[in-house]
Structure formats: structure tokens, C-alpha cells
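Below: the structure, in C-alpha cells.
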């Protein structure tokens, strides 16, 4: 029985992680932490857990955590995360980190898009936790950088084509729409119901932080530098990301070839389903699945991928990584 | 041409009022005010007005307002409102006040549900601005207390029955569901999209401030004290209030009698439409209409009324009142 | 391992039942049926099950079903249901029926609200499957009438008060709002997105079929005839029912007494959580829980209950019943 | 006073047209038609018009229409439209046609995407009714082909760049999301609320009928053949289209240059507002405005445009065209 701590239990990915671990047959929650002002009994904090779990959320005490848990799901924002992760690792706890702090290998790029990096040592050994692409490395890791939500969907959409050098490595456009839970739990004018409802809008034009993360994964898979434009939008629904990816074929390529390539590339992957028609976001809501449809249209290769941003894009993927870390069946607790 | 000032232009009812006055053939906006930190060009503040109006929103200057405007639509919250209204009246400006400060005639009741009252003099002369019930008084008023959104729908549903003493004056239940714009423009956890979407919940059980307002109007119409339980809920839509009203007949009463009573009572009212089937909120969205269906079911009289909380429940009704005040056709600008 | 057949797998409650059984540790799907034109591979029919189950949906063959399954979840509409249930029972299969055909004990009432009854024999032995109220009978049943969605929430809200004779048995109002999945899977103008979105409306005034079902359960619990008015509404969300119940106390009663009564009445019930504040529909979505808050306001007893109409109001409750039938832990597969 | 007939009054664009004409100071409704089974009193057919208009919807009688009206807004689907339009023109009525029948000048292209064309004569003289690009032709037309909703937003986004030859004429991607009203009034599984809500999905990959229409307008503006990939998606909201357009600059181009170009190009256009930040769909809902933001990101020119699909994308644009046809102020009735 893997003993699991959740750090930052009060946010959306924290609660989602609690929900998954509660249903996991070989893992149990042993320690939940949040900022002091967000502590208390789980059922009082999250009405949807009323009657399901009898635990307190406490302020983080690293020593206590190290005694209680084998692994920490660290659901903190960037910058905060890298101030705690070294202590956890030093205390012998494996860490699956949800922030961006250990995802970007190039410190200069990280610092351009985020803040000065304060834990370069651990960054070197961190493994990017996208199991379908980096499974073997994940199994041996002590620190896993859980991927961003958008990069998860985009990377799974691009990998088969880049790996096989079937598309050009420049001019790629990733145009995505996310549900509002992607914006987190803090109320703001942009996500106030009467503003967000009946609405849809682009944001972060040319500057979204997930763009360099996507480029890093894409380049790693392609074995050469890949440049892409990532354009996020937010739409009036809770959960899910649909990414529509447009790219230029490297040579002649038919829809049939593309479809067979994807079917073959992911044939052993439980959580990636290749469809024969475009995916719909609702079908992956509340699940760890990624649905993909790829084709050729008007001389472009077009790929659509759909995930639940909080599950395959965060907490579900973290548990998938945890299962790999502890030699459990990869899909355990994720059905 | 009636010159109109809007005080508190930055909230939902303020913007809605701007929108209506812009389309009004015999009224024009001459002065817009907001808190200093919410001032600026209208098009920058409210994207939906881009290209439609070239005006600045400024901090309130009573002397300037008095020069510029014949009437002020005062879209301020309670307590703040009664600190400005006396100055406006003294400067010779007619006032249509959206707050609760001049609605409740019994100061003790006001103070129980709100705060200490600081303008009892003007309270005495204020007229409750529900045209269908108090039209003649409105025409002669200097200060109009624009009704609350819930009381508008509930009062129009109850008036024909109470006026004709056809229902018992105790045991009435008003069970309403409002859209989220009723909660105002400030972001809060309760109205954060990922919380409010796919949700519905009751609030203010037994203590909502619109309950005594409803009782006052109902008692005034009935000519005797009326007691009712008002239970509000909020649902995942922008606009509208559906009120489902349940009451006991005073004697024998058929569905047909009830329907004829309503048709007759409102036969000359442009903005109250009596339907032959239950109303749907969407049909009154963005309009000043109130749709009503009344019947008898299982020995109860059941009435449903639907309004747009921001129009008939606020800004539209204010303009209807303004039209009466300035001897314009009552429906002008409200089609 | 309980072998489960699902009859009428293509509707919302059918798919929901598939989803639950797939995660149930001691039950497995062995047979799925639908109308001939709705048959095929599960993953093709229901995109959300892609990769999760490799089964065909076939036209119903009773003999084949009897060989394959110990129990049938019969997700058919009324009238159709009672044409198949006798055959299933004769073939030795236990049946949990989702239709109204075996819920109403008084045939005259059934026939007034539905159609002529064609299986009075089995009706006599059918047990009403609301475990919190009729658990011991359920354990011994061969045919369980799974309750309607609205009656589940309303009955759990009324039972503690009626059982203890603390409210009057006349004049009760049950005012409910359901999500749109309650209307089923068939497209219709009333549930077309551009009509239903940003909307809310009442329907079935005084004539809804769940009203006599509620009265039957309420009368059974009270030990005397109970009369109530049930008024349903539909709102713009997928799942959930909020019932707001208004009734008259039989004598003096405080909010504290009511709250203690409910806490005590349901203290051993896993799936009924008594809250200290009003429930929110979203917190029970996708769960088998019923959240209840009861209090006294303006001399009325007011009770709010929230359930997921497809889970506690249908498929989850059916599995809860199945667990009781087969001596499994009652909450198995429902966390 | 322009006398207006609406043919096909029962669909979404028909009702929207009624609503606009009712508020138009220099136009009045004189004749409304629909299929026989959809006829009746306006208020019974469209609850939102209750009390606003006292007219019947009748089956079409061309002679009667020709007597009653100066212009017909023809809100019929393609194929049906071209079976009536010749008769209307012959009877001396000007026609603004909402279907695709008179939009595509190349009959071969029309027939590839639609059906055999049966009115080539009138097709030759039809004018494409996008006032911002073809105003002078519109003023002199007898038959106006009102543009498709998607092409309206996309064309306004591309025109300044193509006109000035600042982007490459190949490789353009138009990735759009529409609200559900774009799918029309007929219920279907894809737009059933429980399917469409909390959902978003692409459709028509590589084959949408608005793609050749966009290419025709783009080529006409550019003065050379333009090729683009149009990818539509549908999202869970009623109204609006956001188009995100990605293209390659023809030479070096800065964000500032692009923004100045757009501001200049549309400086005299009332209904095209150039923003300094990305548009939000909600701000154009229920209005005839198109909001545009254009910039450069990662070596691509990126343009976002937002319109209301039923107004600027259909009925509002038709009235804008009607105003031009009858020498009325272009924005009359559209504020």
C-alpha cells in the first residue's frame, strides 16, 4: 500500500488527487497539507467529499510528512514548489511535482517565462512525467515533473509525426480551448460566471508559458529543434482541453497513412485512444484518457486531441506516474 | 430630450441602464459616474459598448451632475445610496434609486435587515416604483425607490389574488431561482465559473432581505398584513428570475377563474403578459416583460412569473419609471 | 462475482450503469441489450467508453440472458418494461427495474397516470428499492422497483419528519429543479441546446407522474395518507436534482430540533449526509450521495435535498440495491 | 417606411430578423411566411415576442407578398431558396437571401459542395452582401447574397492583409468556434443539451461549405487565388463565433504595423471595431459589431475576430444591406 501525501490539497488538482487516491486499491492518503488559512476537516473544506473521508488538512511539516508518506503529490504553484521539493527529497520522499519548476531543462528559458530558478541541482535529475513518451525514465525517477495540461494534449498529438519526421518542424500551430477549471480556484473577473458564461476568448497571445514546454518535448521527440505557435483560448465549460494542431507535411502524406501511423504508435497505450472521427471533449471528462483523431486536409496535417485538464492533464497523470514509480499496474485507480 | 445621469455606472445595472438609454429616442446620457478607481472611457471599461458611445465615466460631482441632468439613475448599493440621494434631491435632480434604502417604509424593519437609516425625511416621500401597481403615485414623485428584482416578479404574481382576497394571507411560499448576474459584478468563490456552472443551490434561508419588501407590497395590495416565506436559489445562467408561488385559496377557486382573473387584471399592461402555459426564463431575457401563468393544482393556487432581473427587475423598470416621471410613453425605449 | 445484464443499455441510465459496473470489484458485465437499431460495439456507441470495455450490445434474447446473468438492470421505459420483466423472472433472473411499472402499488393510480397494467402478479411482490427506508425487504426481493429520481430526493427529505409525525400530512410542497439528463437521451425542441441553455422552466403542473409515487412512499412512512403538491422544473445543467420541500410543523418545532432529528435518523446511512448548511447540486454530481439540510423558517419546516438524478436517482441506487440482493457491502462500487 | 417580408420566419434567423425590424424606425413587417405546419400567430410561435407584435405567419403566396412588401428577407435553406427567389424577383421584390445559393460565383464549386444549381441567371447578378468590402455594389443590387456567418468573421479578419499583399496567399488557417445556434433550430443528438453542454468539438474537417466561400471572398480582395484551411468547432454557448486566423507574413511585419493597418483600414466602419487586446465573444452577443484584434506572434500573423453569428453573421447584416439598398443610414435599427 503506497502511502501518499498531498501538498496543496485545497486547489483543484489537490482535491482531484484526493478523489483518485481514495478510489485507488493500492494507495492510501496519509497526509494532506495546505496553507494555514485553508486547513481543517476535509469534509468541511470540500463538500463533495462529505462522508467519503475523515481526515484533517494541516500546514506542511516536512518531518511529519516524511514519516507518514512514501510519495508526495506536490500541487503547489511554480516558485513555491521549488522551495519545498529539495527538503522533501532530502527527507527521502519521492516527489511528483505539478508545477513548472522541474519541467523546463533550459534554465534560461525557464527564467525568461517564469522566475529565477533556485533548485538547479534537482532540476538536472527531474524526469518529465509523460508516460507514453518517457516511461522507462519515469520508473527510475525520484523527482517527476508532471507535465502541464496543454503540453500533455499537444505532445501526444505531435509525437508520432515528429518521431517519424513526417512533418516540418517549423510553422506548427497548436490552437487549444480549455475549460475554466484550468484557470484555478481563485475567483477573478475573467472567470466570474456572468462574464465567462456564454463566452469564449483567446489569451496569452504569443507568450503562454506552456509554449516553450511544448517545444522542449517536441524537440526531444523529433531529435531536432521544433518551433511552434501555441494559442490558448478559454471556453464556458468546466473541464477538458481540445487541441487542434495544424502542420505542414514533410513530404507526401495521405489521411490513411496518418491514421495508421497513429493507430500503430499508440497501439499498446491504454490511455491514448485513436478515433476514426474527431474527438469530443465531453467523452474524456473525468477520465485519464486522451482521444486523438489525425488526418490530412487541404495539404495540412490536422490533429485533434482531447483530455481532461485536471486528470490526464494533472492528477490522473500524476497517479499514472506514481503507479510506474511503485511498480503498480499503470492504470490502477484510473478506470 | 430627458437628460440622464447614471451614478454607479460600472456595475451590471449601471451598464444595462447605459445600454437602454443609448437606444431611448427621447433621453440621452449626459453624465456617468463611478468610484475613482473605476473611471475612464466607457469603451475601455465595457467592451460591449465599444464604438457605441464616446463618453467618460467620472467621479461623482453633485453640482456638475445637477447642471447636466434632469434625472439620476442611482445604481449604488444600500447605505451608500442614502448618503448621496439627499444631496441630489436638494440640487433639484429627480432620483430613481436602485438600492433598498427607500423601499421599506417601516424603519425598524429596514434597520433589522440592513443598517441604521440616515435619511428618514426623504424615505417618507419616496414612492415604490412598480408601475403596474403604483402608477399614479410614480408620476408625481421626486424620489422613486426602484423595486428589488425578486419582489418585482413576486408582487406581480400575487397582486391580482391579494387585491381580490382570493388567497389566504398566511402560508404563502415564494420559491425563486435567479441567474447569476443577480449576485453582482464582484468575483467571489460562490460565483466562480467552475463552482457555479453545473450547479444550483438555495441561500438566505428565512433571512433574505427581499422577504420584508415582498411582504410590504403584498400587505399594501391586500389591505391587511400578509406573511410569506421567500426562498431564493441561484442557478447556472446569466439572466432571469423564475418565481414559483404556492398559496392556499381563500375559498373555492378553479384554474379557469384564476386565469381569467389574471388576464383581466393585467389586460392594459404592456409589460405583463399572461400566458396559457408556464413561462420560460429565456423568453424574457433582455426584455422588460414579465410573463405569468397562474392555475390551481392539488388545492393550491400556483403562480409562475418570469422576468429579466437586470431589466424588469432593475434598469428597464427604472426607465419605465423615468418615462412616467417625464410624461413620455411608458414603453418608450423598452421594446 | 455477480454477473450483470443491462437491458436498454443505450439510454443515459444504461450507460451510467455500465460505467458503475465496470468499476465494481465484485460484479461484471456479461450481457448488454438494446433495440436492434441501437446495437453494435460499446465503444462505437458510447465514445466515453472507448478503450474501457470490449463488448457488443445485442438485441435482447431472454434465454441467452438467463444463461449469462444473475441479475438484470432493466433500463426500459414504463409499459415496455412490464412486457419483459415476467419473462426474466420466469427464467430465474433477479430484476432491478428502472421503470415506473412496479413502483405504484395501487393499480388504479398507476393506470390513471400511466397505461393499463399488464403484470399485476409481479407487481404484488415487487419491493420499492429505496434502501434507506426499505432495506430489509430489498434483501429478500426477486423484483425491485428502482425509485424515480424525484421521489428519491423528496422521500429522503420527508421521511424523518413523517415517521415522527412532526409535520402536517397535507399542504406539503415539493418544488424541484432537475438537470436536463432527467429528460432522457432523445433530442426534442425543449432540450435543444439553444432553447434549454440560459433557461429554466416549470412543467407538469399538478400532473407529474412522480407525485403519486411520492405520496405512496410518504404515506407508507407516515402510516397515514399524505397529500403533497410536487412541482418540477428543469434547469440548464446536466445532472442533479435539488428539491426544496416546504411543510407545516404539526406542533412547535425549532431548527435545532429538526437538525438533530435528521442527524440521528440518518446517522448510520453512508449515502445520506446531513449538512449544516444548504446543499449544492454540484457536490453530489457523479456520486451516489444525497445531501440534506433541514431547518425551520417563518413557521415552516424547510428541507433541501440534492442528488445526482442518474446515480442516486437511478443507476447508483440500482447497484446499491444489487449489493443488498447479493449480500455484498452496500456501498461497494459506489465510492 | 420600407415594407419588409420575412420568408422562413420560423427559424432562428427569421425570428432574429423579426426582432430587429420591430425596432427599426424606418421599416415595418408586412408579411411573414413559413411552412404550413409552422404557421400561426407570432406570439404563439415565439414566446419571446408575446405582446410585442400582433401578426400571423402564413404559407408563402408570392403575389400577396409582392403587394405587401418592398423587400424580402429570405431565410430559407439552400436549394429551397433558389426555387423561390426567381419568382420574387420577377414580381419586382428586392431579395436579401440568407442561403448559400447566390454566394458562390463558380457554379462548379457550388455544385461540388451543395447541389445542382437551378438559377444561374440570377446568380450572375447577385451581389455578395458584405458591406465593409462591397458597399457600392450592394447599393445597386436587386438580389443580395447575405454572407455565411463564418465567412463574415473570417473575411473581415483577412481583408486588410490580403488587400495590401502583406501575407502569403497559401497556408492560411481559419480555426473557428461557433455557438450552437449556428446549427439551427431542429433538435438533433449533436445539439441535445446533455450532449452539447460541457462539450466542445471540431466538425467538417476539410470539407465545410463555408471554406470555398471564404476563399472566393479572400481571392476577390487579394486579386489573386487564395487558399485556406477552414476548421470549425462548436462550443457550449448560444451565440457568437470566434475566429482565430493564423497566416504567414509575406515579408517582415511587426505587431505595431499590423495593428495600425487594421485601425486605418476600418477607421470609417461603424460595425468593425479594432481592439488593442483579443476580443471576447460575449461583447458582441446580440449586436451587429465585429471585434478584431490583429498582431504578430512567433513569426505568424494572428488575427482574432468575434461576431454574433445570428446578427452580423445573418439578420443584422441583412438589415445593414437593406439599409444600403433603400438609402437609409447604414446603422439604422442596428444599435
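Labels A, B, C and D are assigned to the chains in the order they are written; within every chain, residues are numbered from 1.
Rule of thumb we're sticking to: a residue touches a chain if its C-beta (ideal position, glycine included) is under 8 Å from a C-beta of that chain, and two chains touch if they have at least 3 such contacts.
This one's a predicted model, so the numbers in the text were calculated from it and none came from an experiment.
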| item | value |
| --- | --- |
| Pair joined by more contacting C-beta pairs (A-D or B-D) | A-D |
| Maximum centroid distance from subunit B, chain identifier (CA atoms) | A |
| Where subunit A and subunit B are represented by their mean Cα positions, the distance between them in whole Å | 46 |
| Intercentroid distance (Cα basis), subunit D paired with subunit A, Å | 39 |
| Between subunit B and subunit D, centroid-to-centroid distance (C-alpha), Å | 36 |
| Residues of subunit B whose C-beta touches two or more other chains | 179, 197-198, 236-238, 279-280, 282, 285 |
| Of subunit A, residues touching subunit B in the complex | 12, 179-181, 183, 185-189, 191-194, 196-198, 236-238 |
| List of subunit C residues in touch with subunit A within their complex | 22-23, 47-48, 50-52, 198, 270-271, 273, 275, 279-280, 282-287, 289, 291, 335 |
| Contacting residues of subunit A [partner subunit D, same complex] | 171, 173, 175, 177, 179, 195, 197-203, 205-207, 211, 227-229, 231, 233, 235-240, 242, 244, 246, 248, 278-282, 285, 295-300, 302, 304 |
